[in-house]
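Remarks on the structure that follows.
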Amino acid sequence: MARDASRVETFTDGVFAVVLTVMAVELLQNGPARAGGRELPDALAHAWPSYLAYVITFGIAGQIWLGHHNMWRYVVRVDQLLVVFNLLVLLFVAAIPFTADLLSDNLRGSATEQRLTAALYLGTVLGESLFFNLSWWWARRRRLLHPDLDPQLARAVSRRLLVRPVLYLVAFAFVFVDPILSLVLYLLLVGLSLIHRPGDLPRFPAEAGGEVSDRGR
Amino acid sequence: MARDASRVETFTDGVFAVVLTVMAVELLQNGPARAGGRELPDALAHAWPSYLAYVITFGIAGQIWLGHHNMWRYVVRVDQLLVVFNLLVLLFVAAIPFTADLLSDNLRGSATEQRLTAALYLGTVLGESLFFNLSWWWARRRRLLHPDLDPQLARAVSRRLLVRPVLYLVAFAFVFVDPILSLVLYLLLVGLSLIHRPGDLPRFPAEAGGEVSDRGR
Amino acid sequence: MARDASRVETFTDGVFAVVLTVMAVELLQNGPARAGGRELPDALAHAWPSYLAYVITFGIAGQIWLGHHNMWRYVVRVDQLLVVFNLLVLLFVAAIPFTADLLSDNLRGSATEQRLTAALYLGTVLGESLFFNLSWWWARRRRLLHPDLDPQLARAVSRRLLVRPVLYLVAFAFVFVDPILSLVLYLLLVGLSLIHRPGDLPRFPAEAGGEVSDRGR
Amino acid sequence: MARDASRVETFTDGVFAVVLTVMAVELLQNGPARAGGRELPDALAHAWPSYLAYVITFGIAGQIWLGHHNMWRYVVRVDQLLVVFNLLVLLFVAAIPFTADLLSDNLRGSATEQRLTAALYLGTVLGESLFFNLSWWWARRRRLLHPDLDPQLARAVSRRLLVRPVLYLVAFAFVFVDPILSLVLYLLLVGLSLIHRPGDLPRFPAEAGGEVSDRGR
């Protein structure tokens, strides 16, 4: 049931590329330029939640792509269920622009609107991280990973990957206390993971040397 | 007339990536956030057919991509007609978001509207599956498949691939009896094929061993 | 100044994938489902020019992609100007959905509207074919093609590629006589080229044998 | 922390492909065909800033893609920060259609509108060029480049890459004098770089010979 992992990656990259640019298209089509009845400087300033939604979506989707990139480096074969789990990850990833836009539209709304849209947004990233963990667990279980991958390392990765859904769950629970605080905490987590790389997989021993020849595809 | 199959795959993956994300873009641009005059929780709840259309389109397009992935693993060369047949598959695949959206908009409509949109939708997936079969048949006939592929296995794949259009045809016929029942049956088929993998090609003998080196592109 | 041709192909494939699906997105967003005030069967039937525009755009862009695929198989290196010429090809390709949509909207319009939109459409494909020829000519001149490519064959390809802009120019001139006839002629040309493959490059000698190993990327 | 550079390229190419086609989609969806109340020839002529925005965005994004292509040829490994810097480049690249559209909408506006939108546009390309330089600097510092790359050459590239943000900064400063003149200067710079290739990296020694085999991926 072995299949080429590279095609799964190409396909996944295409979905991520669209997700990253969708918010920019939204800015273009429904952004300040289309807001009638306002002076331009005012219209541009008033649209700040749209810019925030764009930057946040870019950051989140970029971080998930980075995690995907890290994990799939170790995958040498794919089976049907791994592809299905990957599709489910993408199902949630592709919904991020929608929930991020809902959220940004309601940041100035009532407490109910803030809570509902923050919960939807965090539910989306939570769903993504759960299926992401599932795909790693399945790849380990079905021996679809590179045989040289140290089992101890694989277990460490499993533990580390679990951190993300747990933190998202905490942020999700916090929504019912204070939605804005919950989002701020969540963004801190994302920012930390981009800099301090908790989502990064440990170094792959086989790559420690002069892997320049890898590049000579 | 041999051509690189990998470029056909990259191009096909691009089309699938857009198709999978189009429904999410539609949710973003014409979804509950844009529905004026309703309270947010109500607007979100009222939009359930849009979410259904998103999940179903994702499931269907994901399943077709999986089938494409499975089939094209065996293709080592392409000729002009195989590329044309593949383009025709993509012509129907790219129309799925449109027909799925029509369908979801009319699930609460009159019997005529339900019937018409269900027939259009099932006609789209039927057309896709017919050209999919045609491309497999052509690849076999013109010896574009991997020479190590067991001819008996290739015949088994041909029979198995035929199941899909036949089942779609049955679902299509059922539309004239009860459109909702017909769709439920159809979704059951898709769900089963994702789990019980009737669309999966049998294991490729050459891949049974340690194909780890395949990965070292 | 040698560069990897494969990345130019990936990028080009991405542009083509978006172009192919754009018309389907347009159907989804501004199609019959959004046409208020009409019964659904009537709205669906009335939208036939949109379906025509979708199928034609798919056919045209598919044919151009096929030609690109054929030509770039022979390219082993790229220089800056070849990439710039390829970008200019893509500039016209990406404009095809816009001009095809204008055309389909005005097929039921006045003679002036028909003529103007048909001229714009044919001008777009003419521009594309000119820069396509230019990129082939440049690749030959700068010796960016595979060294095993028979020079006589390369000259034959050059002559054959010139047929397309010449025919488009004829169709373009015909617009001023009868725009509908001009389009019918043009579509016949495209259909013929998909079946009788005048745009297909002759067989590449090095690929005549067992190129199965090519596939083992 | 070595990772496959090719996947970063595929992903980047996807983002660029969407960016290049977004303006054409915008033409399709909000262009002259949708402008009610005007005769078609008049509507088409009146929409000239949209065509200009399309061609300029295509030119700019094409030029940046070319620079990315040139730089990443030398990258043999990636680490987390290089990917993050590349994501930041893409964040600005994906915003180009939005700012270019704002700019083209306000070319006929008041002096304040011209200045504001020109500043936003130039700020976007300035941000992109800064992170582009940062990613090259980081790749050099962390020895992620091809080991055969001559250090003297790498330094020359660094100096040359710095020219772009400096020129953009000059154009940015000029906005406050005369926005239209500033844009004309900027477009001249882009045009020159496409022809005279100041953004092109010097020839890679290892590629000087017969790199035909490079192509046999």
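We call the chains A, B, C and D, going by the order they appear; numbering starts again at 1 in every chain.
Throughout what follows, a residue touches a chain if its C-beta (ideal position, glycine included) is under 8 Å from a C-beta of that chain, and two chains touch if they have at least 3 such contacts.
All values reported here derive from a predicted model rather than from experimental measurement.
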item: Steps in the shortest chain-to-chain touch route ending at chain C and beginning at chain A; value: 1
item: Classification of the chain A:chain D interface as same or different, half of numbers criterion; value: different
item: Separation of mean Cα positions, chain D and chain C [Å, integer]; value: 25
item: Chain B-chain D separation of Cα centroids, rounded to whole Å; value: 35
item: Residues within chain A bordering two or more other chains; value: 6, 10, 13-14, 17-18, 25, 29, 214, 217
item: Pairwise touch network: line, ring, star, complete, or other; value: complete
item: Of chain D, residues touching chain B in the complex; value: 6, 14, 17, 217
item: Residues on chain A engaged by chain D in the complex (per definition of touch); value: 9-10, 13-14, 16-18, 20-21, 24-25, 27-29, 31-33, 40-41, 44, 54-55, 58, 62, 65-66, 69-70, 73, 194, 197, 200, 203-204, 207-208, 210-212, 214-217
item: Complex contact set, residues of chain B against chain C; value: 1-8, 10-11, 13-15, 17-19, 22, 25-26, 29-30, 76-77, 80, 83-84, 87, 90-91, 94-95, 97-98, 101-102, 105-106, 109, 112-113, 116-117, 120, 146-147, 214, 217
